[in-house]
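Listed below are the structures to be examined.
Here come two complexes built around subunit A, the first alongside subunit B, the second alongside subunit C.
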Partner chain A sequence: MTLRRVRAIAKKEIIQVLRDPRSLMVVLLMPLMQMALLGYGVNLDIKHVPICVFDREGSQQSQSVMKAFQASLYFQIVESERDYDGVKRAIDAGHCKMAVVVPPDFSQNLASTNSASVQAILDATDDNTANVALGYARSVVGAFSGNVQLQRTQSLGQQPPVTPAVAQYRVWYNEDLISRNFIMPGVVALVLALVGAQLTSLTISREWERGTMEVLVSTPVTRMELMTGKILPYFFIGMLDASLCLVIAVFWFEAPFRGAVTTLFLTTSLFLIVVLGLGYFISASIRSQVGASQIALVVTMLPTTLLSGFAFPIDQMPPAIQALTYLVPARYYFAILKSVFLKGSALGDLVAPIALLATYATIVGLLAARAFRKTLG
Partner chain B sequence: MNDASAGEIRIVADRLVKRFGDFVAVNEVSFEARRGEIIGFLGPNGAGKSTTIRILCGLLRPTSGKAEVAGLDVARYPERVRENIGYMSQKFSLYNDLSVRENLRFFGGVYGVKGERLSKRLDFAVDMAGLKGREDALVADLSGGWKQRLALGAAVMHEPAILFLDEPTSGVDPESRRRFWHLIYALAGEGVCVVITTHYMDEAEYCNRIALINGGRLIALGSPGELKRSAIRGEILLVEGDDPGAILEALEGVPAARDVAPFGSSLHIVVDDAARDVAAIEARLKERGLSWSKIEPIKPTLEDVFVQLVGGDGARGAAQ
Partner chain C sequence: MWGRIFNLVLKEFQQLRRDRQAKFRLIVPSLIQLFIFGYAATFEVYHVATAVLDLDHSQESRELISRFEDSGRFPIVLTARSPAEIHKAIDHADATVAIVIDAGFAEELRKGVSAPAQIIVDGTNSNTALIALGYVNQILAAYGQDMGQDLSRRLHPAQPPPPTVTLEQRPWYNVDYNSRWFFVPGVIATLTLVMIVNLTSFAVVREREVGTLEQIMVTPIRPLEFIIGKLIPFFCVGLALTVMVAGVGTLWFEIPFVGNPFVLLLGTSLYLLSVLGIGLLISTVCLTQQQAFATNFFVINPAFILSGFSFPIASMPPFMQWLSLINPMNYYLIIIRGTFLKGVGLSVLWPQMLALAALAVILLGSSVLRFRKSLD
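The block that comes next holds the complex of A and B.
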């Protein structure tokens, strides 16, 4: 490998990127837009679920049930109904995800039989939200009955009932259980995978389409020189993008960052090499720019969102799908980023994913170099 | 340049064959080319000229046969061959979004030209293209003739011993073509072996030797003079008249006229003896009541050679 040739190619590539407004846009705007879109758009926390209430009794007791729901952060009472038709309309129209109905004999049952019930009607088109909302509703009602019990024993002058065992829990790494803290590393991994593969996906196919490749292959430049010279400029651009994304994640979206910058830098470089190599491989295999760019998008976007562990936890996938996730480089990088961000892991803690990522980089690099043939037709 | 046959051999093509599926693009093509020689590939579209050049550059692998360029087996040492060749493809292949200087620097770089030599070669190429003072112009803004000369300049940044030019002059105005040929002569004068494909008969006349290619086969190889002497047995009569179509039809039945072919608005007739056969031709035209303005013997052109060897359709295709 001659450094001079690598440099000549890298220099040419930089000039071309700087002169092409479209590629400059991909380089700078795409990551910004995706960070904004995903950072604001993806929110797995369920809060302020809109609900309606139908109080069939209108007593003091039934009102305090309503107040308990109103006081909860998880619910927001948006409508109050007078009959079941109103409840049906509100849920059909999608104004409310849940309806809370207090029966007409609520306080009477509470006083006499010790078992009064509150009805919850749920819109389960989004089963996840419905499940979570139901869980919250149970805990709201549970807290309410606890209070009723306490008041009752106190009014009888008895000791409050003894709770036999209490679970004391402490949440580590993401103390506030805010999903954004967990999402931001995933967003960074996703954006880098998308942008990285896009950056290099055009680099070879463009030359084939414009006819410049025919002469380039007639020169003594080797496959390794071409690949190195072509990927190098995009590596620096990719690192710039990565820094941009990470800075936005930490300072704008306030994702907690507990690791070392050097760990982040090293692992990010490795991941970038993988995705840039992937884009180059696609570009060298497909001689059309549009085709290469779209394939790069599909190959990075779908697996990274679905199989990296970002949207769905890997250990809950069926074994066959779990096996597939090993082929997704973002899986390793996402795991690394999560650890570095939330746990403050150092390089030593990340040996396994780093080794896998490095293996991946080597294989992709070899494939990419081989994919480019210095012959026509 | 006429002593080209004395120069050392730079290219050896030995029974080259290239098949694409059932289609035989190049069929048993063999030839040699020497230092300082300009060898022209002449033939209709799809004859296999470009394919042959691409094989010699190592861009295509031949189905069979052997190519040696600069004394090296192209199949075995493609990279070392590439250090010794310059190539201009049919399609313009410099970077439109780079300036003149940036393009030349790039090609100098990938050819491994450095330091003092690089700046010398850069000046040479800029000079050659006639682009002095416009080094920072974007190539996209240059017109055809300049682009073409710049592409030639880029192809010789590393002073290659062999230059392959694939239809370099297509789509360029006549003045630019003339200037381009001056450059090629100058390079050949310095010892560069030039292989050039062309459609233009007049350009073929500028070559030391012509390789006539048709249907993938090399059907004749020699200097323009040799080809005219060997391919045409007999003499050529030029006939001009008001109705060339009718004249053509009338003369096709005349035994003395071995071959009749239209050339623009006139006709070329191949006869054994011009002085003797004029009478028979005039007699037939009178018999048909056709008038003519001119019947005279002329020197055969390459086009006549082409008509003889390839047949009318191929020749017209090549001559456009």
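The block that comes next holds the complex of A and C.
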């Protein structure tokens, strides 16, 4: 491998990039747009769940149940129903995600048998919202139950009952459970995967479409030199994009960043090499520019969104799909980013994902270099 | 007029039939996407790797731990001997939840003082943590109540047990909180959006790029006839995709379809018309396939994110909620989920149908106008 030839290829590629300001704009605007769209649009925090109430008893007790729900920040009572038909209509139309129904014998049961229950009817078509709302509702009713006990014993002049609070919670790393804090690192990984593969997906197919392949083939450049020279300029553009994304994530979206910048720099370079290599591989295998960028999009977008752990937790997937996620480079990078951002992990803590990413980079690099054939046939 | 359109439709179908690659591009990625969504997309938390540190070694502490274990959701992956081990397990993400029971737990519990057990939750993935916390809560509440009743029986045997209010859950339409039921029907909307916008915009731009568009325009065919002839085949492709996904969804993934298929058909037709309008509109502003590719991406991606397909629109900032109002996919998803899972009909879905119809008219109308202009 001669440095001189690598430099020549890189220089030629830079000139080509600079002469195509439109593509350059796309490359710089795409991360911006993606960051804004995903940063604002991807939010799993569920608050103010719209609910309706159906009080079948109309007693003081039942009203205080409703008040407990009204006081909760997690719920917003938007409708009050008079019958089950009304409940059904509200949930069918999607105005309400949950209905709280107090049965007609609520206070009677509470007085005579010491136990009563409140019904939560949930629109479980959106299972996640329903599940989270159910959790909130449980804590509202739990607190209500505690109050009832306290009042009862006070009115009887007894010792307050002891329902010991068994435990305290400590939530680590993302204390307020804000989804954006772990989504932002994922968005950075997604944007880099998309943009990185797009950047290099055009390099070889462009030579075919512009008819410069003959010239390229007639030069003494080797496969390795060609690949290095072609990827190098995009590596710098990619790093620029990466810094842009990371700065937006930290300063605009205020994702907590507890790690070291050098860790971030090293791991990001490694990930970029993987995705740039992937794009180059596609470019060398497919002759048309549109085809290459389409395939690069399909190969990066869907797997990164679904299988990197960014949207859906990997450890809850069936084993076969979990095995598949090992093929997605963003999986490793997302794990690294998440740790560096939220846990402040150093290089030493990240040996496993870094080693896997490096292996990935080597394999992709070798395949990509081989994919280019110095023939015109 | 209809004869000419018929001939054009015939030509497009023949082209599609002969293009092996195109058929491959249509069917294989669709099926892959469907299966990945069916199997991988789940927000539900089935099992939470749990670490325990029991420094009390009492009957009470063992009871608490076994309640977690018996719930089936908290497999214990580590029985630690020191807080440092717990710290490490959470730090390395080997465990998501840790139960730490200090010495003296049982004693305080028997005295009726709040017992100092600690539950540590890795909050990195806030959604998983939140759902896991819900289950933790449930176990702890039941445990606390049992302990409290036990205690009051021992301390004040004459008193009746303290009153309790519980919550009964009635999840409608998806009793097991199965994420698959939420995502798989939604794939119909995503797939048709991606496929139809791409097919339509590329088909027209390619003809323009290659120069066959001019050739067609010198034949007696009128622009409107040309557009109708182009759109009918893609409309059929969209319907076929819908049937395919719905078929695999109900037969393979066993997603219930409780609604009226004709309501879904109506919604699908309106949605397809607006999506065709988007594709055609893109084709009128793009000269090359490369441009069409970039524009498609800039249109499809926001439409997907802002549709409510996986992220709730209600949690988005107001500006984005407003943008989702002009997104046909947003309305179509409500129709799909309504017909598949809820079984609701037009009496509930008419606002969505109306919105889709309006969008279809606006999008198709403006694209036809623009297309005629772009020919001059």
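Keep this in mind: the second predicted complex is superposed on the first by the 373 of 377 C-alpha atoms of A that agree within 3 Å, B and C clash if a C-alpha of one lies under 4 Å from a C-alpha of the other, contacts with A are read in each partner's own complex, and residues count from 1 in each chain.
Methods note: a contact is a pair of C-beta atoms (placed from the backbone, for glycine too) under 8 Å apart; a residue touches a chain by one contact, two chains touch by 3 or more.
Just so you know, these numbers come straight off a predicted model, no measurement behind them.
Considered on the superposed subunit A, subunit B and subunit C are sterically compatible, since they fit side by side. In the superposition on chain A, contact of A:212 is made with subunit B only, not with subunit C. Legend: residue contacts after superposition of the two complexes on their common chain; A:73 is shown touching neither subunit B nor subunit C.
Once the two complexes are laid over each other on the shared chain, residue contacts for A:222 go to subunit B alone; subunit C is not touched. Once the two structures are overlaid, the count of subunit A residues touched is higher for C than for its counterpart among subunit B and subunit C.
Once the two complexes are overlaid on the shared chain, A:20 sits against subunit B while remaining clear of subunit C.
Using the contact criterion defined above for the overlaid structures, shared-chain residue A:117 touches subunit C, although it does not reach subunit B.
Between subunit B and subunit C, the smallest C-alpha to C-alpha distance in the superposed model amounts to 16 Å.
When both complexes are aligned on chain A by C-alpha atoms, no subunit A residue touches subunit B in the first and subunit C in the second.
Listed in rising order, the residues of subunit A touching subunit B in the complex are 2, 4-5, 7-9, 11-12, 15-16, 19-20, 210-222, 374-377. Subunit C meets subunit A in the complex at residues 29, 32-33, 36-37, 39-47, 49, 64, 90-93, 99, 108-109, 112-131, 133-134, 136-138, 140-141, 143-145, 147-148, 151-152, 155-156, 159-175, 177-179, 181-182, 289-290, 293-294, 297-298, 301-302, 305-306, 310-312, 314-317, 319-320, 334, 337-338, 341-342, 344, 348. Contact residues on subunit B toward subunit A in their complex (touch as defined above): 20, 54, 57-61, 78-80, 82-83, 85, 87-89, 91-98, 102, 105-112, 114, 154-155, 164. Of all residues in subunit A, those touching subunit C in their complex are 26, 33-34, 37-38, 40-48, 50, 65, 89, 91-94, 110, 114-132, 134-135, 137-139, 141-142, 144-145, 148-149, 152-153, 158-159, 161-175, 177-179, 181-182, 289-290, 293-294, 297-298, 302, 306-307, 311-313, 315-318, 320-321, 335, 338-339, 342-343, 345, 349.
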